[in-house]
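Input: a single structure, listed below in C-alpha cells.
Think of it as A, B and C in the order they're written, each chain with its own count starting at 1.
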Amino acid sequence: MKTEDTNKWEYAPSLEGTKHIQLKEKYDLFIDGKWVKPNADRYFASINPANEEKLADIAWASESDVDLAVKAARRAYVDVWSKMKASDRAKYIFRIARLMQERAREFAVIETLDGGKPIRESRDIDVPLACNHFFYYAGWADKLQDAFPNRSVESLGVAGQIIPWNFPLLMAAWKIAPALAAGNTVVLKPAETTSLTALKLAEIIEESGLPPGVVNIVTGHGDTGAAIVNHPDIDKIAFTGSTAVGKLIQKATAGTRKKVSLELGGKSANIVLEDAPMDQAVEGIVNGIFFNQGHVCCAGSRLYVQESVADELVRKLKQRMQSLYVGNPLDKNTDIGAINSKEQLETIEKYVQIGIKEGAEMFQVECEVPTKGFYCRPTIFTNVAQSSVIAQEEIFGPVLTIQTFRTIDEVIQKANNSPYGLAAGVWTDKGSRIFNLTSKLRAGVVWANTYNKFDPASPFGGYKESGFGREGGLHGLEAYLK
Amino acid sequence: MTAQKPLFSQVPISPCVDKVGVEERVARFQTRSIKGASKLQGLSMVLSMIDLTTLEGKDTPNKVKQMCYKAAHLHDAYAGLPTVAAVCVYPSMVPIAKEALKDSTIKIASVSTAFPSGQAPFDVKKMDTKFAIEAGADEIDMVISRGKFLAGEHAFVFDEIAAIKEICGTKRLKVILETGELATLDQVRHASDIAIHAGADFIKTSTGKIQPAATMQVTYTMLMAIRDHFDRTGKMVGMKPAGGISTSKLALHNLVMVNEILGEAWLSNEWFRFGASSLANDVLMQYMKQVTGKYQSADYFTLD
Amino acid sequence: MNILKTYKIYIGGQFPRTESGRFYAVKDQDGKAIANVCLSSKKDIRNAVQAARKAFGSWSERSAFNRGQILYRMAEMLEGRKAQFVEELMQQGQSLEHSKIEIESCIERIVYYAGWCDKYQQILSSVNPVNSSHFNFSVAEPTGVVGVLAEQSSGLIGLVSQLMPVIAGGNSAVLIASEQLPLCAITFAEVLETSDLPAGVVNILTGSAIEMLPTLAEHMDVNALFLSNAGKGLTTEAQLLAVDNVKRVVVKDEDWTKESNQGIRYISSFQEIKTTWHPIEQIGGATSSY
C-alpha cells in the first residue's frame, strides 16, 4: 500500500476578530435602569480562562445592593409592569430579541472570551438560542390565558434568578424571557466567572427602553446569590446550578411563600443498542460529552454500549476524538475550548485521578494544548463499573465513562440507577424499542437518535435530584405564574 | 487484489444511517475555516485531484483535445500549479485523449457499462469496458445497475461489478452508484459496501446526469463505508464525488471530510478525486486571490 | 354487647397491625372509646414506602383506561358501603346530614378523578415545534412514590381529595390518616382492597402525624409530599427534611369540601414533564402536498 507520498494538511489558525467588541474596564450593577456602584465599593476580576488575562472588573453586590434591586423590581412590578397591556409587554421582549440579534457576533465573542467556550458554539448555538428564547416567550405575553384555559393566570411578582457559568447568556435568556412574558419583574445574578454577557444584555435592555426596574442585574459571588434567595420580598426563586446549592436554596425557602424552580445536576445515560446508526451514535456521544467542554448539566456522561458492538463503537469513538481540535476558543476551528475556571479544571483533574485509581482504562486525545489557560483533553474511561465513583458523580467536564450491557432491561435499570434524572439518550433503529426505552427512562429530556438538542419551544428540566420545574415551551410559563 | 474471487455472501451487513445525524455532522465540516497556507495547500490538492470531465452526446474529438490541453495547462500564467489527475471521457473518445495526453502523466478515465443508465445487456457492458481498455484507458468508471439494486437484486449488482473488475485487471475501477437514484443514505451505504467488496478501487457518487449528485451527505456516507472497510481489512479504497461540486469552498469542505474521516493517507489523487467539468477555474481564481490578494475575474482564466 | 373493632393499617394490600404493637383509642364526643387504632411507627412507614415503590412501576405502566376503571370501581364500592362510612363519621362526632354530604362528595370526587385518568395526559402534554428537523413532544409522567399527609380535620373527604389525583396520575402513595378521625381511612382501605387496586399502590397508616411525617419527609425513596393544612411548623419541618433528595413538596391548604377544590392542577402537581426528541428524515424533494 502506497502511503508515503501523502499530504499532511493542518488548518491554520482562523481567529474570530475581537476589535469590534466593546468592553468597559469596570462594570457596575444594573439596578432600576441605571448603572450603580456597589455600596461596599467592592469589585472582582473576570478573567479569560483561555489565557488567564483579566477582561474587566465586576461589581460585587452585597445584601444592601440586592435589597435596592428587589425594591426597584417591586416598584416596577406594582407601578408599571403588572399594569401594562400584555401586548405591550410582548413588544418590549420582542425588541430585546431583535437588539440581541443585531449584536449577535459581539455577544458570541464576549461569551467566548469570558467563558472559554469555542466561538463556533457561542456563535452557532448559545447566542442564536438566547435570541430565539426571547422571541419565543415574547409571543406568549398576551396569550397566557390561552396557554392555561382552565384557570385564571396571574403573575407572581418579583423573581430572583441565579444562573450558572456554563451557558451564561443562554441561561439569562431562559430565566428572563418567561418571567417577563408572564408579567413578573426580575433580579438576576450571573455566575461570578461569567458576568459579562449578562451585563451586555443589561446594556441592550437599557437601549430597549424597558421600564426601569423590570430587569435588574446584580453581579457577585455566592453571598450575593444568598441575599437574593433570603430576601423576604421575593416571590419566586429560579435557580440553575449544582444540586448541592439547589438543596441549600430549597432549605432556605422552606416555610416561605417563595415559589421555587430548580434545574440542577445530572449524570445522564447515553445508551447505544447494537442496531443503532453507529456513526451517528458516535457523533451523538461526542456531542453529548464534549459539547461545551462537558460543562453541560445534561451531558451524556454515562455511556452504555451493548456488549456486541462495544469494541467497534469504542474504536470508532477514539478515532473520532482524534479529529477534535482543542485550543484557543476564538479559533473558528476549535472544537473544545478552555475549561471555565482553574477551580473547575482542578475538579475535573481530581476525577480523572480517581478514575485511574479505580482501575478504569483511560484514553485521552493526543494533542497539544496551550500552556497558558485552563485546558483538558477529551477523556474517556472504559472498564468502568456502575459502582465506580466516576460513573456516579457529576464531573462537569469532558470526561466520559463507558460501561457495557447485555439486555435492555439491564440497561434501563442501570440508567435509572442514579439520584439524578435530567436527561438520557437512546440509539437504536427500531421504533418500538425507542418508545419502550424513552418511556421507562426516568429523565426529563430524552434524546432518541440525537443528543444535546435545545429549543425555546422544548421544555427542559429534571426528575429526582436534577430538580423540579420546567424551562422552555408552554410548560416553562408555569414556573412564573400563580 | 486478492486472487480469490469476491463473494457476495462476504458483503457485511451495512449499518443503518440516520440522515438528520449525517446532516448535522456535515454541517460541522462546513464550519471549518480554511485560511492562509492551509487554503493554498488545499486548493492545490483540489486541482491535482480533478478528473476533468466531458460526457456529452455532442462531444467531438476537437472538444476532447481542447479539454486535454487545459488539463495539462490549467493556468500557465502562474508557474508551479499541478495538473489535474485525469480526464474523463466516453470510450469512443479514449483514443483522442490518449493521443492528446501522450506526453503527460495525466490519466485517461473512461466511463463504461452503458453509461449513464447502465440499462444494457451484460455482454454489451463487458464489451464497452474491453473497448475502453484496449483503446488505452487507465481507469474505468462503471455504473451499477440501479434498477436491479432497487429491485432488491443485490447479488446481480455485485456480480456485475466483480465481472467488470476482472476485465479491468490492474486498471483501476471506479464504481458509480448514482446516489441520486438510490434515494436514501441507507441504500447508499449498502451499495457502497457491495461495490467495495466486489472489487471497486474507487467508489463514485454520480454520473453527473442526475440530481442530486455529490452532496456532502452522500460523500460522507460513502467515506464512512471506506473507513469501516479499511478498519476491518486494512485495504484502502478511493473516493470520487462527482457532479455538483463547482466551487472551491465546497471542494475544500469535501477535502476536510476526507482529512478528518480517512486521514492524510487519502489526501492524494491516488485515493481521492473530484469528478467535475467546471470546478477547476473557480479553484484557480481562489488560488490566485490567495496569491495576489486581489479578487479575480473569469476573463483571465481559460475555458476549454 | 357490641364488640370493639380493631382498626389495622393497610400496607402492600395487607392489613397488618403496626409492627410496633402500639395502639391508641379513638373516642367519641363523650369520651367513650369507640375503637382501637394502630399507632404506627417509623418501621411501618418504611414498610409502606417499600410496598409503594414496588407497586409504582406496574401501576404507572397500566393503561390509563384501566386506572380509570379501577378508580370508578372504588366509587362503586364506596357507594355500596355508604352506611358504614356515615356511621363512622357520626361516631366521630359529625351530624348525620354532614356525614351523608361528605360521603356523597367523596363518591363524586372519586368518579371525577376516575374520569381524569385517561384525559389529563392530553391536556398536560404537548407537541413542540422546534426549529430543527426533529419531532419533539412532552408528556406527563407520574413523579413516583408520594407521601400524603391527609387533611387532619376531616374523616374522609380530605383523604379522598388528596389521594385520588395522586393515584389517578399513576403515582403510588403512602398516606398518613387524620390522627383524630382515622376510622374512615381504614374502612376506605377496605374499599380499595375490593376495587382491584393493585397491592401497594395505596398504603394507609394511622397514628401521630408529628411522629410519622418527618420519617416520610426525609425518606430518600419518597419523591413527593402532599400536605394539607398541616400548620406552619409541621409544614416547614417537612419542607426542610424533604431537601435531601430534592422532594417536591406540594402544600395545598384547601377546604376540600368545596367542589372548586378539585381539578387537573392537583394531578399535575405530581407529574413530571418528559420531553422526547427524535430526528425527522426529509427524503429528497418530496413533500406531503397533494
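Note that in this section contacts are C-beta pairs under 8 Å (C-beta built on N, C-alpha and C of every residue); 3 or more make two chains touch, one makes a residue touch a chain.
Only a predicted model underlies this, so the values are computations on that prediction, with no experimental measurement involved.
*Asks:* Determine the shape of the graph in which chains are vertices and touching pairs are edges (line, ring, star, complete, other).
*Replies:* complete
*Asks:* Pick the pair with more C-beta contacts: A-C or B-C?
*Replies:* Answer by contact count: A-C.
*Asks:* Mind checking the centre-to-centre distance between chain A and chain B? Centres are C-alpha means, answer in whole Å.
*Replies:* About 44 Å, centre to centre.
*Asks:* Between chain A and chain C, what is the separation of their C-alpha centroids in Å?
*Replies:* 36
*Asks:* Whole-Å distance, chain B centre to chain C centre, using C-alpha means?
*Replies:* Their C-alpha centroids are separated by 68 Å.
*Asks:* If a residue has to touch 2 or more other chains to count, which residues of chain B qualify?
*Replies:* In chain B, residues 18, 20-21 touch at least two other chains, as defined above.
*Asks:* For chain C, jot down the residues that touch at least 2 other chains.
*Replies:* Residues 134, 279 of chain C touch two or more partner chains.
*Asks:* Do you know which chain A residues sit against two or more other chains?
*Replies:* If we look for residues of chain A contacting two or more partner chains, we find 449-450.
*Asks:* Would you tell me which residues of chain B are touching chain A in their complex?
*Replies:* My answer: residues 15-18, 20-22, 24-25, 31-39, 41-42, 45, 224, 227, 231, 234-236, 255, 259-261, 264-268, 270.
*Asks:* If we count contacts the way the header does, which residues on chain C are in touch with chain B in the complex?
*Replies:* Result: residues 133-134, 279-284 of chain C touch chain B.
*Asks:* Residue numbers of chain A touching chain C in their complex, please.
*Replies:* The contact residues of chain A facing chain C are 132, 150-151, 243, 246-247, 250-251, 254-255, 262, 264, 419, 434, 438-439, 443-450, 453, 455-461, 463-468, 470, 473-475.
*Asks:* Provide the residue numbers of chain C that touch chain A in the complex, in ascending order.
*Replies:* Touch list, chain C to chain A: 123, 126, 128-132, 134, 136, 138, 141, 143, 223, 232, 235-236, 239-240, 242-246, 248, 263-265, 272-279.
*Asks:* Looking at the complex, which residues from chain B come into contact with chain C?
*Replies:* 18-21, 23, 183-184
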